[in-house]
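This structure is in structure tokens; I'll ask about it shortly.
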Amino acid sequence: MEHLFTNIAQILTSWMVSLGLPPIWADLILLIGQWTIIVVIVTLNVIVLVWLERKISGFIQERLGPNRLGPFGAFQTIADAMKLLTKEDIIPSQADRWIFMTAPMLFIVIAVMLYAVLPLGQGMEVVDLNVGLFYFISLGSLSTICLLMAGWGSNNKWSLLGAMRSVAQMISYEIPLAFSLLGVVMLAGSLNLSEIVTAQNRYWFILLQPVAFLTYFIAATAELNRGPFDMPEAEQELTAGAYTEYTGMRWALFFLAEYTNLVAVSALAATLFFGGGQGPWLPSWLWIIIKTYLIMLVFMWMKWTFPRIRMDHLMSFSWKVLIPVSLANILITGLGIEFFRGMGW
Amino acid sequence: MIETETYTINIGPQHPSTHGGLHVEAIMDGEEVKDAIVHVGYVHRSVEKIAESRTYAQFVPYASRLDYLASHLPTLGYVQAVEKLAGIIVPERAEYIRVIVSELSRIASHMIFVGSLAIDLGATTGMVYCFRDRERIMDMFEMSSGQRMIASYMRLGGISADLPESFYPAVESFINDLPGMIAEYHGLISGNEILQERCKDVGILSAQDAVAYGVTGPNLRASGVDYDLRRDDPYGIYPRFEFRVPTGQNGDSWDRFMVRIEEMEQSGRIIKQALRDMPSGEIQAKVPRILKPEKGREVYHRVESSKGELGFHLVSDGSDKPYRVHVRAPSFINLMVLPLICRGGKLQDVITNIATLDPVLGESDR
Amino acid sequence: MIGKGLLKGLGITLKHGVEKPKTIQYPEQRPYLQERFRGCLEFDYKNCIVCGMCTKACPNNVLSFETAPIEGSKKKRLVSYTIDLQYCMFCNLCVEACPTNTLFFVHDFELSTYRRDEIKKVYIPPALTQVDAGGGQAELIPQDALEPDREAEAEAKRLKQLQAMKTALSKGGQKVLAKYVDTEEDAAVLANLLQADEKKRDKMAALIVDDKEKARKVAQAFVAKERKTQAGGEEK
């Protein structure tokens, strides 16, 4: 079980080589295959996630959540996706057409690209980059541009406000996000995600870096634009923020990308702080799925409990609390590492 | 120097947090509100004009529709105004029942206030819990009057029907559970630091300004002015009850919120006393089928509704229809301070301020 | 400490998250309606004395009716009565005004229709027939006063019979059953069987009331089966 997927990949490669393909071609085909699988899985996963979020919000609010279509309402999201697909695609006449149209596509592309480096099990990353974490963070900050494009392109004041908020928010929360990850990197001594997982053989980093996890979690919520930090969308204030003018599939792409980001960020948290695929009995890829889902549940639970924070509080919280705390965390981690090294551990 | 300019955004009339058809034109400098202009009238139904073409008794259901979130309170104000005009004495038991249902209305209205504040600030779940608890009040109204929201339960000179037997256990268990409900709101909504941050020192309305603008009700009391018509200009049988009038100090959104929460508790107290003292007997005074008050009589009667001082000014011309009816709608007057308390705040504060002023557009636009 | 309130809130939502949902799944699960609930306004023309109190009480001109004079009498008769429910406020004023309880609210609350005019309810009393009211005078009365509701009556009669049959069978009822089986013995067996088994008893009673032919067949089948099981039991 453990090497199920890696074995399949190997068998496929050797089969293709035996057919007379040069190994480089075989690798390329495999890579394309992996990408396709990831895109399909991500999309299907979002359908599950939307259903899950609705169910959870339902239970929290003493409702049942979707329960009509299919067992436990499982097909509700599929029906919704169909509805969105068949909806009229409205582009406002005053909108900046190209920017308006490319923003959602770019958003989803970036979201899916994050998965390239995530080890979805032992030896199961698409590309084993040695600067994987760096890649992840830098790609993550790109999504700001998409939101800004969406807001600007819509030519709507609400959208623009939402977009400006998202820029301000994401830029200020990227710093604590990166800083909080630095502690982990210092402990593991590598930016390669698989190596970070291996470094957690003895202790999960959540035990050594609880503060870093906390700052990461908060900053990640802000990066994801999820409640209580859902400034760019802020339904009750900005109607739908940057997404106000979007309809049908374009809007669905934003939605898709947001959930995709949620999975990516949770999977990263599982990888960095909860030992990735490590765990007894079950194969590593199953473990990482379980951990990712558990972290996502916490994200959802928070969203359905807390009110939205105010924009200026949000900024000052980042600059006055999160960044100093994460900096202090780096300092203490560094001191600790030196200390233990001095002790000869 | 960077050159900046202000821009206008229209909050409403179609907006998730304007509680109906309210339109606030906000003049913004970035996220900061420079000025706000309130436009009302989107829910205008010409209720006052309708009153002139209906008989006194026929207007009761329309009065219910003024403040549809606490429909017993405007009805109470209207029927008491007519009773004053025509000199009708209401039987004791009817008076007690009126007090019970109006205080229940007040609790229901404040529950909606708490819930809608929660959802306006983004805490969806808080709203659901408030509406769940309000449902119990709605069930009681359904028991007593047959309608849930717009009950039109009161009649000139009494009420339409006596309380059914099933009402008493329901109201008693509700009053006993009320502290638990409020504790839950405190835990989920008011205990939340994010919400406190967003409400404290937001939308400060000084006592002076409040009085100058004619703000009434919980909004006035939150500014520290101890003024409650139930105590200061008592109507009906209110002087018989013992209750405290909660006041705030700062007049910010937080105080407006806490004053209402405490008012719910006090209303619970009043209901308890009313249930204890309620006599048996008649529920309807003898009122002529065609009521023709004396020509030229004029009354102004005001009650403390959940939104503030709700007044009815009736003029009689001796026919069976009023010559003129004017409604002093507290929501309308309270809304007029919105620009004052929004100035200099953030866009998000406008939402908080609308929510904590708690306007009901049906009443404000009439 | 900052964060305590946040954690408490999370605790509350978690507590409610594992509680049983309070949803009433509406079309299948009907809401409980209080006795006084005002759903749809209905009119019962039999009681109406055409006094017009209701139309005077209604604030919104929902109610209207047409009358025609009755020959040789000062009274008027009702030609049609219209409730235009789309304007109704469900305020109960008309019901309170009506002296004969002709207007009343029922619990049916699903009033939406696809078109405006479908919600308008027009009641037309059935055609009037002339009958001899004695003393050579003719009087007009509605047709269905003469012809009582046959169907409803038949149904009531059937129910009564069914009940009687059930009681009879539960106390034995060999004589009744003898008509449907061939021998006395069989009747005894059947009677015992039916006394013990309520489901079969109800089925039999219904069949006897509704369809005698089928009752015969089923009775014989019951007996045969019962015999078989008895025989089987003895063999063992």
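Worth a mention:
Going in written order, the chains are labelled A, B and C, and every chain counts its residues from 1.
We take it that a contact is a pair of C-beta atoms (placed from the backbone, for glycine too) under 8 Å apart; a residue touches a chain by one contact, two chains touch by 3 or more.
In this text the structure is predicted, and so the values were computed from the model without any measurement.
Think of the whole protein's Cα atoms as having one middle point; the chain whose own Cα middle lies nearest to it is B. Farthest from chain C in terms of Cα centroid separation is A.
Centre-to-centre separation between chain A and chain C, using Cα means, comes to 59 Å.
As a whole-number value, the distance joining the C-alpha centres of chain A and chain B reads 45 Å. Shared interface positions of chain A, i.e. residues touching 2 or more other chains, are given as 60-63, 304-306. Within chain C, contacts with two or more other chains are made by residues 6, 9, 12-13, 16, 22.
Residue numbers of chain B whose C-beta contacts span two or more other chains: 125, 129, 132, 188-189, 192, 194.
Interface residues of chain C facing chain A in the complex, by the touch rule stated above, are 6, 9-10, 12-14, 16-23, 25. Every residue of chain A that touches chain B in the complex is listed here, in rising order: 57, 60-63, 157-158, 161, 165, 227-228, 230, 234-237, 239, 304-313.
Residues of chain A touching chain C in their complex: 56, 58-64, 67, 301-302, 304-306. Those residues of chain B that touch chain C in the shared complex are 54-55, 57-62, 64-65, 125, 129, 132, 139, 142-147, 150, 152, 155, 160-161, 164, 166, 184, 187-189, 191-194, 196.
Within the complex formed with chain B, the chain C residues making contact are 2-6, 8-9, 11-13, 16, 22, 33-38, 57-59, 89-93, 96, 105.
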